[in-house]
Amino acid sequence: MIYRETGQFRTSYAEDQAIFRLREDRIGIAAILAIAWVGVPLLADEYLLRAILIPFLILSLAAIGLNLLLGYCGQISLGTGAFMAVGAYSAYNLALRLPELPLLLDFFLAGLIAAGVGIVFGLPSFRIKGLYLAVATLALQFFADWAFLRVRWFTNYTPSGSVTAPVLDFFGWVVDTEREKYWLCLAFVCAIALLAKNLVRSRLGRSWMAIRDMDIAAEIIGIRPMHAKLSAFAVSSFVAGLAGVLWAFVHLGSWEPLAFSIDMSFRLLFMVIIGGMGSILGSFLGAAFITILPIFLNQAPAMIGIRLSTAMVSHLEFMIFGTLIVLFLIWEPHGLARLWQIGKEKMRLWPFPY
Amino acid sequence: MNALARPAPFDQPATPRTALAVHNIEVVYDHVVLVLKGVSLEVPEGAIVTLLGANGAGKTTTLKAISNLLHAERGEVTKGSITFYGEEVHRLSPSELVRRGCLQVMEGRRCFGHLTVEENLLTGAFTRKDGKAAIQRDLEMVYSYFPRLKERRKVLAGYISGGEQQMCAIGRALMARPRLVLLDEPSMGLAPQLVEEIFEIVDRLNREEKVTFLVAEQNTNVALRYARYGYILENGRVVLDGPAEALRDNEDVKEFYLGLSATGRKSFRDIKSYKRRKRWL
Amino acid sequence: MAELGPVLEVLLGGLMSGVLYSLVALGFVLIFKASGVFNFAQGAMVLFAALSLVRLSEWLPFPVAIALTIAIMIALAWAVERLVLRPLVGQHGLILFMATIGVTFFLDGFGQTIWGSNVYQLDLGISASPWFLLENLFPGGILVSPVDVFAAAVAGSLVLALSIFFHSTKIGRALRAVADDHQAAQSVGIPLNQIWLIVWSTAGVVALVAGMAWGSKLGVQFSLSFVALKALPVLILGGLTSIPGAILGGLIVGAGEKLAEFYIGPAIGGGIEYWFAYVLALAVLLVRPQGLFGEKIIERV
Amino acid sequence: MAVASAPVATSAERAARRERRIGEVLLAVENISLRFGGVRALSNVSFDIRRGEIRAIIGPNGAGKSSMLNVINGFYQPQEGRIVWKGRVFTRMRPHEAAKGGIARTFQNIALFKGMSTLDNIMTGRILKMRASFLEQAFRIGRGRSEELRERAFVERIIDFLEITHIRHVPVGKLPYGLQKRVELARALAMEPELLLLDEPMAGMNLEEKEDMCRFILDVNEEFGTTVALIEHDMSVVMDISDRVVVLDYGRLLADGTPEEVRNDPAVIEAYLGVAHG
Amino acid sequence: SAAETIYYPSLVYRSGPYAPNGIPFANGVADYVAMINARDGGVGGVKIEFEECETGYATDRGVECYERLKGKGAKGAIAFSPLSTGITFALTEKVAVDKIPLQTMGYGRSESADGRVFTWNFPLLGTYWSAADILIQHVNKIAGGLQGKKITLVYHDSPYGKEPIPVLQEHAQRYGYTFEAIPVTHPGVEQKAAWLKIRQTRPDFVFLWGWGVMNSTAIKEAVAVGYPRERMYGVWWAAAEPDVRPAGDDAKGYQGLALHPAGADYPVHKDILKYVYDAGKGAGKREEVGEVLYNRGMIDAMLKLEAVRNAQKIFNVKVPTGEQVREGYERLELTAQRIKELGFEGLITPIKVSCRDHEGSRKARIHQWDGKKWVFVSDWIEANNEYLRPKVEAAAMAYAKEKGITPRTCN
């Protein structure tokens, strides 16, 4: 029994409501945070930071955004890419047109604008449900792709329609090395993850989950479906918008609308489902699975000394990745987060099987 | 009728064969939750056997283990064996089992909401091969048992009332002409008259057509009246079993399941605020 | 009259391409109807079927290649049922959806490994040169493409055949039962495995037909799998569970988006075809949340 | 496990107390008619519920009992008739209006939030009582924190009362049927309703559990003075605990009166009870 | 040992929707490098270590590949060819920090021809602006003046497709034709509306700025509306075998820009066949050697290695760093003589890169598909630099301003 609940008593409701109730969990999370904030930046090389960790963090953030909407409120969205795009282009235009505003405020306002768009495109959710709703959000996705290509004002009339992010200057702190970018993203991710966790374990989160699990019953106990759904859309697109800003400003630097295409939306959806719907931790696990695993699979043959043609490697990557998705779902349909939980449960019982 | 599915009375051996034997099974949900901790029971051919027990005792789980439906709930039989007429159940798919005549009426109705009542009933006849006429005849039979269903035949099952759904689910099972029916709380949500009627139907099918029944029931009173043998489950274990009369006369059963204490039935109004539950363990 | 010519032509062209969308949507409908699974892999199946056909017909007579391809699609259906669906019986729709994404990835990699990633020409022997109808009425006539007409005919008969098959046999009823509740369907003895095998095989054959129609137009190449995205609004507009809905949705989307692109597009920068179908579908859904012909969504406590 | 501290009283005492408690009309449905296409689920039904009483609604399957509850709390919109709720007249109630006004209910087909734990399910019942702003919730400061603790304490009392402490953190989807019913009752109680609508709360329970459930209902009724409207098929329960009974049959009002009156009404026996029962 | 090799990373896409175009290009690169290793023992006697990385044409995978490969080898990667506009955009800033040249032969941002601002970008052989100018020159010639003519551009709705629009619009005034641009949305499988419009407006010429499946679809649709293929012109990314083959015979007569000829009968091909394919080490099939995109890959590799050779000479090192290779690029001059030595005579024309001009050469020919192969229908046409240069500079300066870059001064 490595994982020991006995002997840890919670004597107040406040203690019982803490995010990490067990000492083991608290030690674990402290260790992870220490590694993330200090260990990784010290040890990781540029490749790891720039090509893997930064995208991973930003996509985790976006996945948290989608998870709030899909995993907690049960509204299927295929428009997360569009919300990210709205965030990115808003921040770009704010920085361009109102240079006197501090960049951090631009980021925040961009998130708010994304939230506004989220509310507008969440309106149909009042009538449309389930898979059918996915189409409403797809409409947004395609419309946004089109608008950012077509409406030249958004891209400041650059001939090709691609735009470039300004220098990342936060009150004099110029973020230009990879390590700083990593810290910046990490800060955003930690903050948002904490806020999201708080939200989902308070009233708003519970009303989202109620709507998700059974909207009719929710209405009858006094939750207003419209209010709950729209607030989920708003919060989710705020987070997605913020992730979009980071993706554009920090990861890509310069980008075209294609960076936030339907592919991005689908990938985020995969992350949430694989990681675990209705779990903040799952968003991270899912993002890791979907972003890091293919890269790993791509490099794996070379690592173990097998020389295959590039095409073969990439086909194998597809096949193995697809197979792993299916295997993981069969193993635990509720996602990696759940797998983790069951693992903990087992550790609690260990060495007994049940 | 269906000669294959139902052996004619004269080839019945003197001592009835065992239709169903459950031997010391363990069931685990989600790889970690142990729910049944060694349950054994036996249902002789042509009998009505009832399975009693409090909420969460594991009645539904036992029935699902028998009809091989645990899979979809991420449950698993990890130990023991279940045989249906001598054949290991776990080798058969649920539909294969139905084809051999073992059919479950699931708890909580589970009608197909987007199908009309009549379509629901007809899905019950999916495995039958004895022609349209026979199916039509049985449809009429079900309607004669449940006239209410006939009135609502064209309505989507998702819209009918709870009790009507329960009738629909039972009727659907009868349409399959099973040899062994696993009934999970048939009386739930039915008006008292209908509860009696359902058990009358069970009894009639049992007597006239030699259908075997294993009934999980909360309504102990009725169940023990119609059943021949009973098992009482508690916390995933069989704690008591015996012929129905014996159970009915058991003091504990009397008090805790039938509500008959030495002084007769108590009014629900006069129940003390708490009393110790009967635990056999 | 002369002004009417172009309108008719665009309308006709739109209807024809709509039929092509329908062919893909049909595959989705079949599987959704039968199991409640939104099959993301339909696009990959279209590609895989077309690729198999093209590569096989390089060294086999065409009819033999078709037969062999159908066999391959049935084998695929069998594998999907056995390895993916069976272990996931009774799971939430989104999870099954995700599993089909796994299938998509696998098929994409597998198809390219065995059949290659090049462009292959698929020649069905139908001339691509246009017909001009009613030349006496309209200057230049009304242009119709024979390929489109052929595809429309095939799609029409396919829909008819499938509608009849699924509506007048007990299989049809069983399909809908399975889509409603896997477990309850099992409990009344509907063999999920067989049902899914039948349906996925049918969807595989439909994918082959779609692959032939689209492949003869685009060449058989990876991009074929993108046509699935064009089928989504069609599917939703018609209703996820309706076979005739797939056809009708296709016609509406095809005609609507072509007319919009043609007449509204230039005013606001063009390329609106891209999102028009979705907005159209959205508008329809606001009025009918289950699509034009979809099954009513039951709300009851 | 904490034990609910309901006073033990003799039945005579109780009866006397009840008399005193039952007060004015809390809710009246007047000439309600409800149709679905050709089906008349309710035709011209009127009855009232008085403050503090336990009102049973009985009738054969498909009689329109659940539909009646749905009309009362606004899920169904009757074609005709009106509802008088605490003196205010509604031609149609809206679900959240009903909830705000103090009507809570449980469902025949359990309508719990399957993905949430028992505790969270019951906490949803407190949503209308919570006021913390968005930011307070996100940062868990101010009311976001204090409210959470206060309501948790409240909910824990209900959990204790209904004796479900051991399943606090279990996702309700995994609970056996009977316990789910109990959680549903807990969620409704958490709303601190004035009128509690219970749709077959004792279906699928064995005797012992029914006894528990009766006790809970009686205690709620007596302790908090909550008015209860209850649909139930078990006649012994209905006869024992209800003050007045409405009998519906195929959408029509068949009888309305005390348990004794109803039990001896030939029409009721004919349509519903059949052979003398209970 | 690693210290003695030149590290040549190659970003490719051999799978996915664009694989039909990506494969021949990647094969050309791989075979050429293999041939140099086999024949010459590398560049300047230093072996080349060659590695491919699959991007699948996706930007983030491209960035990942770049990050993974840029530091490999003794002195890091010599240069990158991202082979996608999206990846080019994403890498433009990063290469400046990492000091690795970015070779975008025949693609990338047009303004990056200005080496004063885009120090690390080398859009060799021609940008899309050059392409648009050359096409206009050609049709102007064959139509005997464009006054009153109609030209329609059917373009891929992305930065790539949009690049030529400003040039074509400005030329419309200069040459007096009317211009219309019709976007086709990604991936380009549905173009019916576009072509019905063309059937109605009946333009004299249709330019096609497509990519991947969009090209063959366009040709098919042109057939379907009866638009003559002879009056369609594709940019050089829309005029290779994968673009015409799916359309079969219908594609006959279709024309396009050629940065270089197709065909395998140039001296360099003989060496490739001899040293690589005869040794059984060919990346692709023997009969595919000499396809348009294959040749383009070969030229891409050759230019990169010439820059390396140049750097070796300038700095007198065996293995140059990325920064040194940049110098090699900037002072790259391929005379007719040198081209002949390399075995590329007839494939390309002389190139001279300078600090100001990173394009090096802006010439192309027109070729036409005869149903089996591409045949030339024009001689080399040079883009009008007097017209283009100011445009390039203006755009580059705007970029510099936005990014806060102070342009270098060149002398």
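Every chain is named by a letter (A, B, C, D and E) in the order it is written, and numbering of its residues begins at 1.
Here is the rule we use: a contact is a pair of C-beta atoms (placed from the backbone, for glycine too) under 8 Å apart; a residue touches a chain by one contact, two chains touch by 3 or more.
Given the structure is predicted, the values throughout are model-derived calculations rather than measurements.
A.B. asks: Touching both subunit A and subunit C, which chains are there?
C.D. replies: Common neighbours, subunit A/subunit C: B, D, E.
A.B. asks: Would you kindly say which chain has the C-alpha centre located farthest from the C-alpha centre of subunit A?
C.D. replies: Farthest from subunit A by mean C-alpha position: B.
A.B. asks: How far is the middle of subunit A from the middle of subunit B, if each middle is the mean of its Cα atoms, in Å?
C.D. replies: Chain centroid spacing, subunit A to subunit B, equals 47 Å.
A.B. asks: When the C-alpha atoms of subunit B and subunit D are each averaged to a single point, how far apart are the two points in Å?
C.D. replies: Comparing mean C-alpha positions, subunit D is 29 Å from subunit B.
A.B. asks: Centroid of subunit B to centroid of subunit E, CA atoms only: how many Å?
C.D. replies: The separation of the two C-alpha centroids amounts to 74 Å.
A.B. asks: Please report how many Å separate the Cα centroid of subunit D from that of subunit E, as a whole number.
C.D. replies: 74
A.B. asks: If you look at subunit E, which of its residues touch at least two other chains?
C.D. replies: In subunit E, residues 14-15, 19, 23, 157, 183, 185 touch at least two other chains, as defined above.
A.B. asks: For subunit C, jot down the residues that touch at least 2 other chains.
C.D. replies: 91, 108-109, 112, 117, 269-271, 274, 301
A.B. asks: For subunit B, jot down the residues that touch at least 2 other chains.
C.D. replies: 33, 159
A.B. asks: Which pairs of chains touch each other in this structure?
C.D. replies: All touching pairs, sorted by chain label, are A-B, A-C, A-D, A-E, B-C, B-D, C-D, C-E.
A.B. asks: Write out the stretch or stretches of subunit B touching subunit A in their complex.
C.D. replies: 28, 30-34, 74
A.B. asks: Which residues of subunit C touch subunit E once you look at their complex with the stated criterion?
C.D. replies: 6, 9-10, 13-14, 16-17, 108-109, 112, 117-123, 128-130, 143, 145, 147-148, 214, 217-223, 225-227, 230, 257-258, 261-262, 265, 269-271, 273-274
A.B. asks: Considering the complex alone, what residue numbers of subunit E touch subunit A?
C.D. replies: By the definition above, subunit E touches subunit A via 12, 14-15, 19, 23, 26, 52-54, 56, 58-61, 63-64, 66-68, 71, 85-86, 89-90, 92-94, 109-110, 157-160, 162-163, 165-166, 183, 185-186, 395, 399, 402-404.
A.B. asks: Inside the complex, what are the residues of subunit E that reach subunit C?
C.D. replies: 14-20, 23, 157, 181-185, 187, 189-190, 192-194, 196-197, 199-200, 212-213, 216-217, 220, 223-226, 242, 245-248, 250
A.B. asks: Can you list the subunit C residues touching subunit D in their complex?
C.D. replies: 301
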